[in-house]
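This is the structure I have questions about; it appears just below.
Should a chain be cited, it is by its letter among A, B and C, assigned in written order, with residues numbered from 1 in that chain.
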Amino acid sequence: MSWTRKLVPSYFSGAVLAAIGFIVGSQYVWHVIGGDNWDLNSPGQSGNFLEQGFLAGFVLMTICWFIGIGALKYPFTWMFGMKDPDHAEELRLAGKDDGLIRYFRFTTDHKVVGIQYLVVTMIMLAFGGLGAMMIRTELLFPGAWAFPKETYNTIVTMHGMLMILTVISFFVGPFGNFVIPIMIGARDMAFPRLNAISIAFLIIGMAVYAFIPFMGLGDPLTQGAGVQTGWTIYGTLADQTGIGMDALGVAVFLAGVSSQVGAINLITTVITMRAPGMSYTRMPMTVWGAIGSSILSALGTASLTVDVVMILLDRVFRTSFFYAATAGDYANNGYIGGGSAWLTQNLFWFFGHPEVYLLVLPAFGFVMDATSVFARKPLFGYKTAILGLFGVVVLSFLVWMHHEFVSGFLPELRGFYMASTELISVPTGLIFLVLLGTMWKGRLWMTVTMAFCFAFIWSFLIGGITGVYLSDVPADVQLHGGMFVTAHFHYTIVGGSLMGFLGAVYYWFPKMTGRMMDSKIGWISFWGIQIGFNGTFMAMFYVGLQGMPRRVADYSPLFAGGNFVASISAFLLGASVILYFYNVIYSWKAGPIAEQNPWGAKTLEWTVPTPVPLENFEKIPVVTSGPYNYGEPVTPSAVPIPNVEAGPALG
Amino acid sequence: MEISLGGQGHDVAGHASHIDEEGKVRLGMLFYVIVDVMFALFLITAYVFLRGVNVNNLWFPDGTKNIDVMQTTIQTGILVASGLCFILAHWAVRAGFGGLVKLGITLAAILWIVALVANIQYMGHLPFTQSGGGFASMYVLFTGYHIYHMLLGLMFVIGITVRALQGRYTQEHHMGITTIGYYWYWVVIFGIIGYLLPILLPGPLH
Amino acid sequence: MRTPIILWVVVSIALAALYLFLAPILAQAGAIPPLASDVADNAYFIMKIFTLLSIPVFVGVVVFAAYSLFAFRSRGRPTDIGPQVHGNAKLLAWWLVASFVLITVLYVIGFNGLAELEAAAPSSALHVRVTAQQWIFDYTYTDYNIQSSTLYLIDNQPVEFTVTSLDVHHSFWIPEMGVKADAVPGELNTFVATPNKLGHYTVRCMELCGVMHSDMNTNVIVLSANDFGKWVSQQMSARPDGIASAGQLPEAALLDASGKRS
């Protein structure tokens, strides 16, 4: 019985059931309801069985996945008023004494979920990076020499969307789940089951995402396989592009739910689960960054969800949210029209802009924390930093139309959006003030993490300042839709979030895995990443100024020089990221055993033993001072214990 | 602990906890509702937007039949009645009237299910198809979203009824009712919004 | 504190001077498209000022970070701690004031430029209606009732473009003229520009619109008023009803005008 009990339920049984669910759902629609009628153009609700079949397949696949991993057991026992799970059951769910298999299960231990998130997001990052390498290969020379144009468009779309989904979850997923509960002195997240559900949503979302390049292969009626809309999935084009769009829509929906669920969980955890004495002004900045990001996710993501739902309905059930018919002859296509193309732009960017800060806020928080630790100085203005973070959160809902300066929608408002966009550099600037002030006269310990913090300052500064160029309407009218924009956001995202993430992995690796990462490989990959990254995207700024458009497989020879440099540097970047990945895998297996507090930090996660026991704390700590008070001298031998009294667990 | 979205009264290792478990669950549900409200807000925005731009005058193409207000009034009425019964039960449980709690919740649940069936039936008999212009598309989406809400809510509805009938809710411990109330009221409110929009902001602007 | 401040000032001035020296050379060498309209002049003038203003910001942050890196670095794991300061209200106030002043200046500059961009078309303006569809632009001269697939413009005469689309989003861009407008199905998007240099340019589609997006280019030719007049009369006489032929639309464009796979 033992192995069946271990494997069922687990992700393996979930995968098997999900596969069955997909086959049953899709085949049922295609063959039974649709009667093998592949006429794509029959109007009205009965047509388009191909896409309806895929949609049914994905929906059933998701449901079966949740059944297969055992996530629905609790809701159903609750629903029918059966016995609440007892203690032994809860322990089993948390993965006690379960060995390796608990990492492949629906589990309520926040640390296991954190590790699951880390692995899943790093795999996503690798695939997104693979897409980036394919893009750069195509752009190595003018002319569509490596891929057909429709394939290139699909690659760009998949790279953009996958990377965004990755970056949305690669901070609040791994570290938000693993580290933050310990940081605030909690024994788990507020809703351990929701926690497990949010990673399960992400995994099934990514499984659906993997369908994209294969859907519509060899179908003469679609415009090539995949989805050729760019990550912005403007409804007008999404309504008519390849049927990969259906998979993309479902995947984005699922990933969106995952991030909303995670956000709800994180905010509730921080509000209700703090240890005694852990007042709001004693929380490390990482927590604040993750909170800001979660707020944006909770409030903004729904806009994207509405957008993809409308696209899916437009495609599969022929509604007309985005379909603006211009002449009567469309009527015989089954559409009447009445939709608006501006609606899709506004829905997308109302999500899109808060989302970009969602990507970077956790990195802000982490970089401030790490700077303080490695400078052995308290934050230069704790309240200033919070003001900066929350200024960004509030303002980020007021600027989305700067992506639509040339769309023709309410051009009278461009002045306002220019002002709000420029205003957002003030709170962002406060973060820089805090960082510089914290370093000043510190005892800078140059670890790889600290080096990534410096890289963050450098690259985000460039990304931010070029953002201010784009916020200026006359300049944006010229630069919009070109490689300058692409370079701007890679400088902010790769240079901000990704650098922060790489630093954070290095920083928390000892706590999460019990081993140190190799510092020599770390330094080599650091320099490779810096040189490759700056080379790639500086060259991209250059071709952007020259006037190279985005999302073109084939460009004029005028831009050949800059693109060649960019591609070669990108390959260096790719190789260095692979080296970093190698470092992670190698050190996980064979790195030196880490001490409890290798960096001498004062936050709570370093006060618990490594590996962190189930339930984290023997006794809930009572916190009596802030997270950055390096009051006593720090010596390498005597690991500093922060000012924490082990108090009695309160009733 | 009546409803627990995964939280435990104690933690796994059996420590008693200093954490306000009930407050935690209430807060979680509140945030869930907020996320849902955002979704609804974007739907409403889209409705107003499409009506406002009215591209090619196809928001409400000539000849489109409008919805049957009588029918929607009855449906919304049933839903509101369900909400009122729920309020009654909530009041009763706080006041300690055990029998009234059972009655209120059961009535609320039955009305909920009736409203759900009526909605689904009505969805099949709309006077237009989903392809019939901006208004038609929007209306179908609103109704569909509402039905999805009620289907999801079915889980809560059944669970809470079973528990009420088992007599698990007491004057002191009835967090299940409070928390699920948030969801219940929100669905009723959304039902009212979806009912009023086509009446207050009907056909084309010009 | 003295050293980094001096460094900041010196490096900023040096970089600004270098920029002013290099900018025209680089522009000559093709770093930016050759400018051919008032709108483009406006945009690049603003970018130039922005660059000059952001140099001190950029240099300031970099110099202070780099200085910290070299001056306060500890060899290996630090054994003591830094000064336990928790912030500096005066510095914060100055930082805020400086940022606000800076963005105000940027905003005023930008707003001026925006006003220029939005200036209404003079009555003498040429009216061109741009119709985009997958994957071609098509131009109608409403003043003359001429249709053309190449865009002919007049030197030093304002043009009012009205852009629309028949199927999906496109974006109409002439790099040398700094004008860009999304082509949105069912909507009209209007803007004005005055070409100020004779020559051949290109129109580019700047919004992903499907398979052939990267090939959606057409030619722009800026003519003198005289030559343009000749071209117009030639076109008018080409067809008795005064409406010139639409030119050859590629097969694919017709295929997809329905907005759904056809």
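Quick note on the criterion: a contact is a pair of C-beta atoms (placed from the backbone, for glycine too) under 8 Å apart; a residue touches a chain by one contact, two chains touch by 3 or more.
As the structure is a computational prediction, the values presented were derived from the model and not from experiment.
Enquirer: Graph shape for the chains shown, where an edge means the two chains touch. Line, ring, star, complete, or other?
Expert: Shape of the chain contacts: complete, all pairs touching.
Enquirer: If you tally contacting C-beta pairs, which pair wins, B-C or A-B?
Expert: Output for the comparison: A-B.
Enquirer: Quick one: subunit A and subunit B, Cα centre-to-centre, how many Å?
Expert: Centres of subunit A and subunit B (C-alpha means) sit 31 Å apart.
Enquirer: Return the distance between the CA-based centres of subunit B and subunit C, expressed in whole Å.
Expert: Chain centres of subunit B and subunit C, defined by C-alpha means, are spaced 48 Å apart.
Enquirer: Give the residues of subunit B that touch two or more other chains, as numbers and ranges in rising order.
Expert: Residues 53, 55-56 of subunit B touch two or more partner chains.
Enquirer: Touching at least two other chains at once: which residues of subunit A meet that condition?
Expert: 324-326, 335, 340, 342
Enquirer: Residue numbers in subunit C touching 2 or more other chains?
Expert: In subunit C, the residues touching two or more other chains are 186-187.
Enquirer: Quick one: which bits of subunit A touch subunit C in the complex? Just the residue numbers, please.
Expert: For this pair, the touching residues of subunit A are 40-41, 144, 149-150, 153, 221-224, 228-230, 232, 234, 236-237, 239-241, 323-326, 329-330, 333, 335, 340-342, 345, 375-384, 404, 406-409, 411, 414-415, 418-419, 422-423, 425-426, 429-430, 432-433, 435-437, 439-446, 454, 457-458, 461-462, 465, 468-469, 471-475, 477-478, 480-482, 542, 545-547, 549-555, 558, 600, 629-631, 633-636.
Enquirer: Quick one: which bits of subunit A touch subunit B in the complex? Just the residue numbers, please.
Expert: Of all residues in subunit A, those touching subunit B are 43-45, 74-75, 78-81, 84, 87, 90-91, 94, 96, 108, 186-188, 190-195, 260, 263-265, 267-268, 271-273, 276, 298-303, 305-306, 309-310, 313, 317-321, 324-326, 334-340, 342-343, 346-347, 350, 614-615, 620, 649-651.
Enquirer: Give every residue of subunit C touching subunit B within the complex, in rising order.
Expert: Listed in rising order, the residues are 186-187.
Enquirer: Which subunit C residues qualify as touching subunit A in the complex?
Expert: For this pair, the touching residues of subunit C are 30-33, 39-40, 42-44, 46-47, 50, 54, 57-58, 61-62, 64-65, 68-69, 72-74, 76-88, 91-92, 95-96, 99-100, 103, 106-107, 109-111, 113-114, 116-118, 163, 165-169, 171, 173, 175, 178-182, 184-190, 204-215, 256, 258-262.
Enquirer: Touching residues of subunit B toward subunit A in the complex: what are they?
Expert: 1, 3-8, 11-20, 23-24, 27-28, 31-32, 34-35, 38-39, 41-43, 46, 49-50, 53-56, 58-61, 129-138, 140-141, 155, 158-159, 162-163, 166, 168
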